[in-house]
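Structures incoming, each one as structure tokens.
Note that subunit A is present in both complexes that follow, paired respectively with subunit B and with subunit C.
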Partner chain A sequence: MTHTSSFDQKYRGVPGALAPRSRPFIQRHPSVMIFIACLALFTLVVTVLSEGFGVGLISTSFVKTLGKTLCLCLVALAMDVVWGYCGILSLGHMAFFGIGGYAIGMWLMYARTELIVVQSLAAAPLPPTPEEISQGIATQIFGVVGASEFPPIWAFAHSLPLQLAAVVLVPGLLALVFGWLAFRARVTGVYLSILTQAMTLALALYLFQNDSGLRGNNGLSGLQNLPGQADTPQSTISIWFFWAAALALGLGYIFCAWMVSGKFGSVIRAIRDDEARVRFLGYSVEAYKLTVFTVTAVIAGIAGALYYPQAGIINPAEIAPIASIYLAVWVAIGGRGRLYGAVIGAAFVSLLSTWFTGGQAPDINLGVYTIQWVNWWTVLLGLSFVVVTLLAPKGIGGLFDLIGKGRKS
Partner chain B sequence: MSTLLEVSGVSKTFDGFRAINNLSFQIGEPELRAVIGPNGAGKTTFMDIVTGKTKPDEGRVIFGEKSVSLLKLSESQIAQAGIGRKFQRPTVFEDQSVADNLMMALKKDRSPWAVLRFRPRQRDHGAVAQLADEIGLVDHLTRRAGDLSHGQKQWLEIGMLLAQDPRLLLVDEPAAGMTPAEREHTTDILVQAAKTRAVVVVEHDMEFVRRLDCKVTVLHEGSVLAEGSLDHVTADEKVIEVYLGR
Partner chain C sequence: MSRLLIILWCLMCAVPAVAQDADAPIQQVMQAHAAEIAKASRRTIQPAIDALTDSGLPAAEIVLERWQAKEMWQDEATGLFVFAEEIDRDTIRIFDVSGPDIGEVSDEGYKQLKPNSGVRGLIAAALVKFQLTNDSPAIRRVALDAIARDPNESHLPALRDVIPAERSANLAAQMTRLERLLTISFGASEEEQIEAIAHFEGDLGVDVRGALNPLVKTTIKAAETVPEDPALVRALRPGTDALSKSDAYALLVADDLAPPLIPADAVRQTLIANIEDGKVAGVQVASLSTVQARNAAFATLVAEGRANPAATEQEIDDRLDAYQFFELYTGAPAVAIAAQSVLSGIETKVALNQTADLALDAISLASIYFLAAIGLAITFGVMGVINMAHGEFIMMGAYTGYVVQLFIPDHTLSILLAIPLAFMVTFAAGVAMERLVIRWLYHRPLETLLATFGVSIALQQLAKNIFGTQARPLTAPGWLDGSLVINDIVAISYIRIAILILALIFLAVFLIVMNRTRLGLEVRAVTQNPRMAASMGINPDRINMLTFGFGSGIAGIAGVAIGLYAKVTSEMGADYIVQSFMTVVVGGVGNIWGTLLGAAMVGTLQKVIEWLNPSNTLAAQTYMILFIILFIQFRPRGIIALKGRAAEA
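Then we have the complex of A and B:
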């Protein structure tokens, strides 16, 4: 089809026909700009109030909690793209998150143990051979599971760049292979959700074994100590990671917004609503699902790699199927199908969860029974999930529609 | 006029029910063809087989000059090869605007990577506007497709098919639920489309078929009962017996 300029003139001014599209991406999507501004302000306020770089109103442990929350917001974004936009209810994205954490944790643990071993062997009369050093590190790390040799998967643990590559590549490849098998077989809906849960469970059970090569149920620990930064206080390191998490969330938000705007976003929302119809339009639904599944798995891996150094420890319980279900609950409560909804949901619910389960919420004495929030929080969370799903499918994000409507009328 | 689609000796059985029974069918390019037949005659299954939704038990389905066998292709590959399909129930993406629906259907590279980088140019917006003009929706481009009337949704779906620029268009009961004025417009769109491509219209409504003024194929129990002009087939003894007489 060819179009003359007179044709263009004919439709000039028709709304939606010839919308000016030359403006930069950020300008066309004001919500992205608002989000980035809020995130920048939040980062600034936390930094100013922190112990490491500011007046000390916010404790270091709370800075870590906030930094971890930002990582959870990032993985919630990924979940929103794969579920809220593309309609794939993956209940396995926290597995990719955990893998990212393990990948960076291996380097952190190796590098720090190496420093300790080299230091302790320095006093020996003969300078230690590389084999002795390696042996020493292995004994230190794997003594707890009764082993003293490096399993093959630790082959790259000495190298930060290679482990950083693993943060991206391992979740990406796992998602690619799993997704290829599942989508090619046209597994959809609840069956796909069950399959992703099975994947998560299998991974967690495997990691629980002592000979999995990742220290079984002990997991990896001491991750909050950066190698070579023994003299840097945690108050400073916590802010570094907070900044890194904020930067990752900002970039992740822009990337996800870019992905779900435009025609790609159109196609994946169409797949969510009627995938058979999309096939007859000539789009390979499987290829799109696989792309979205893999890209979001990589985002989840990056989020995990930033989360666990702040948490300090990772063990297989973190990959348990329930973690991925919580992720879906956050996104549902925040409002799926809109990116800021996912961020709000993850931040709100996870912070509230920290408050309730941290023993800070006052118990309610009903006389005959005392409600202890540590136990009852999950019940409350489950109930609110049911209520939101039934009564407010747009979640917390839906409130913004009400504000918008109020302004118009 | 050369043969575009050739279906020969195709059979399909569902749980012992022979939906398609040794069916043979040909259509040239350009051509307008109406397919009629009583319920259960195999009209929908025929479309499912051509578009790749259903694989037949036996037979051949050959498309284009290069004689590509459609049986080896997936639904999306068949669509890319140039076969568009309109369903009986209008299926547009209700959550998205009319312009977005048309933009998605526009004939472009369909691979995820190309679509991810795709940003519409002026001429793409122009193509969308022109299509919207043809289907009478140029003033509704920014509206949610779900807010359109039933007839408008049918047209939007036809517009999306035209946007794909297919060589063969399969249309299932396009006039269902339309007002007389809307039917007339639909007839115009289909007749116009059939000037440059092959269009197969499955229809129940004889009046609508008469207005299309084209060759008619009558299906019965999964195979072709009669073929020719509407007057010819309606005069056919067998057709009267199985379809019109009762």
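Then we have the complex of A and C:
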């Protein structure tokens, strides 16, 4: 190590000083390296086995399930940063996830309907005016809720860049405003959880209305069809989204790992452990919390924008408070306070849920009663969640500690 | 032998013909209108019905009744009318219209009269006159109700005839009111109508407004000057809320005062009609993809005289300016003005009463929220334990009520039994949950929240597995059916009153238990300082267990009450949990009066928002939650905030 920064020279040896920053970030955090390697290997294996680009051992629908799972892992990462590291039990991150989905879904639906409308109007004796095209699209999209005009929130739906900006900006701004109001009023702990849950409920109820401008409980549908890619088979598109989701998860992981390391990470963990003391030490607790809340909301929005084109449909039920509770369940079962724990929890529980509720799990015949997993899985999930909270607060991630301990001794 | 049979058969056939009394007065009246009766139509039948009712014959009422019931037949040979009952497909038993049984005959030669619904309506109106003089007060009341439902002009004299003879004071009052009401609509002179209208000053009845509203109907007219007409209501200007410009112009077009507008689509149609060799007026069709290009091409067509020019905005405005628009009463002006002034008075009173009704609704909703939240006020407010499965305890209570009703069909008894049973079930569930889960997590509120979420998810799915996803009924006892009706606007159902009373009882129980019993004292001691309490000989574990069980048990009773008012489903608890927490948080944690105020505020707010936007209860809930989020900004510790050390705990 030949070069050291002035910072290191000044504080070297001071108790509690930061680790030397000279080594690259990845080297200081080998777990990030391992995670990225695993993710890359997984992506490669799935690609090779897929129908679109490989031998076809994995069905397209399963590739989609895996791609969706990666998006859920990404939102779980965000949840872990805000809850596991900063101690804010947000029950609103699935709402941000849904907003991201709605934002991208508006463009997908608009662009695809536009193609259909232009095609159908091409046969008319006069070439269509922009007004006629817009009218046609509006009638197509909003016919189900009895409207034929574009609501103001669709003003940018024609533009992919603007809607992509909305994926980031809308959850970010909502989180910023809500967080500013809540943190400023020093709402903390369970009160904050309930307040975020109320926000989620309010948003879901609002979207359920037909005149919300987002097609009420019909939601947005047909999102799996990319505009202009009508000839591309779903097997190919699914792999594209799988790659995008893997890339987003990889980048998100590095970003979150970077965020929770260093001084910023120390401060937010300190806020989790004793907020008042951090405040007395002169840190602006509200600013830190607001930053974490907003940044993780943006990550959730991005995850949602990648998730719903694979799911194909989004409706307000996806935003209901229970979804955010499940998110907390995943992170808790995986092990909060460690990033790979959140990823493992989300992947493990959501894949297991798909398996059980998809009717693939074998029913257990007890003679007097047959346990059908479709019905009993949720009961099992709820109870195991209680058990994990009581007996294994570190979750599945805690197992890694045991392995580490075993190796040392 | 066979000859004898033939003779007998002839005799049997002959007997009925002989027995029909063609000279009976009622038959005479009917024969006078035989053609109309046989081929009854709504437009021509009135004289026949009038002849029957005016005949003064006692049999007329029976004739009308049986005619209405399609029990009157006509002998095709003689044209005489008979009553008949069908015995089987081919046989009927006939009676003379004056009464006597004639016997069973084949239905050949008889034709059933089937008056259509319009005719039956007229017959019913005529029958009312007989019913009004019937000896039974019940039948007279039915007749009055029938008139009130579907009044017609002929009822007015009938009513006037019977009022002086009416013996029941109650019925007489009803009759008088109905007579006044009918006078408004069918009074012979304007003076009579106006006098009747004045009679209803400040009356809130829906029927009064129903009778007055047609009288104040208006129509909008256009002319070059506003006429001096007593029926004139007001002058209108086009482009205001009362009269839009397009409506005003349409009015001019309808009166041939202006040329019709060319619809927006017409430009397109005209252009299409004028396409020649891929060009319109020399412009390539492919370039007509903007409104401007189309308008330019259309203007060229107009200039070439191949299309009619569309009216410009300026022309429309000029035309509208050339005329005056005004509103006229369609009916008699004097009557309309009188009706309008009475109506205005009534509307003010209606608005006041609607406010009262809204207040009642708000109180009722507040009591439901209070009921849902009071258990939480104990577990969360007093103990500081956040129980997300509280909603599921409410659900459990409601399902307990449902199960009790499965075994005990008597609703009163089953509800009386369900209430203590629901308390016991949820008390046990609460104690079990406190022992197994919550006591390991005291002072770790976030983890309590998570663990109770787990319980909530599991319980909800368990209920789905046991009871299915469809809503189960929890039927209220008969004496809780119906509403307390104060007038046509203000009414409240008895169930809601019962829930309000239950909420008040709970409030009292809570206050007594917390402030007047040993348990309450110990609970308060343990909440304030468990170690100090323990050193005074109180067992904090036991107290925590009992308190949590008590709060859960109250949730169970609330579940029975809420189940009576809404359906019992596995998700009913989840519907209330956020509102319940909001109620407690808004009111101020740790204070029952705060919870009461919180419930009142949340309930009132929701009702007021619903009233402002009645079509949309979802929006009301959304705005209410947003309001609460903002409210917490200003009073983070709720309406009634604890002060001092208790607030820090």
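Convention: the second predicted complex is superposed on the first by the 388 of 409 C-alpha atoms of A that agree within 3 Å, B and C clash if a C-alpha of one lies under 4 Å from a C-alpha of the other, contacts with A are read in each partner's own complex, and residues count from 1 in each chain.
In this text, a residue touches a chain if its C-beta (ideal position, glycine included) is under 8 Å from a C-beta of that chain, and two chains touch if they have at least 3 such contacts.
Because the structure is predicted, anything quoted here is derived from the model rather than measured.
Asker: Who does A:279 touch here: subunit B (first), subunit C (second), both, or neither?
Answerer: In the superposition, A:279 contacts subunit B only.
Asker: Just checking: does A:269 make contact with subunit B only, subunit C only, both, or neither of them? Give me first, second, both or neither.
Answerer: In the superposed model, A:269 contacts subunit B only, not subunit C.
Asker: Which holds for A:81: it touches subunit B only (first), subunit C only (second), both, or neither?
Answerer: Neither subunit B nor subunit C is touched by A:81.
Asker: Hey, is it subunit B or subunit C that touches more of subunit A?
Answerer: C
Asker: According to the stated criteria, A:259 is in contact with first (subunit B), second (subunit C), both, or neither; which is it?
Answerer: First partner only.
Asker: Give one of first, second, both or neither to describe whether A:137 is in contact with subunit B, with subunit C, with both, or with none.
Answerer: Touch status of A:137: no partner.
Asker: Just checking: does A:288 make contact with subunit B only, subunit C only, both, or neither of them? Give me first, second, both or neither.
Answerer: First partner only.
Asker: Would you mind writing out the residues of subunit C in touch with subunit A in their complex?
Answerer: Subunit C residues touching subunit A: 268, 271-272, 275, 285-291, 294, 386, 437, 440-441, 445-447, 449-451, 453-462, 464-465, 574, 578, 581-582, 585, 616, 618-619, 621-622, 625-626, 628-630, 632-633, 636.
Asker: Using the touch rule from the top, collect the residues of subunit A that touch subunit B in their complex.
Answerer: 1, 3, 7-8, 11, 14-19, 21, 259, 262-264, 266-267, 269-270, 273-274, 276-277, 279-285, 287-288, 291
Asker: So in the complex, the part of subunit A that touches subunit C is made up of which residues?
Answerer: 87, 89, 125-131, 178, 181-182, 184-187, 189-191, 193-195, 197-199, 201-203, 205-206, 208-209, 211, 321-322, 325, 328-329, 332, 375-376, 378-386, 389-390, 393
Asker: Would you mind writing out the residues of subunit B in touch with subunit A in their complex?
Answerer: The contact residues of subunit B facing subunit A are 51, 53, 74-77, 79-80, 84-85, 87, 91, 93-100, 103-105, 110-113, 115-116, 118-120, 122-123, 125-130, 132-133, 138-139, 141-142, 160, 164-165.
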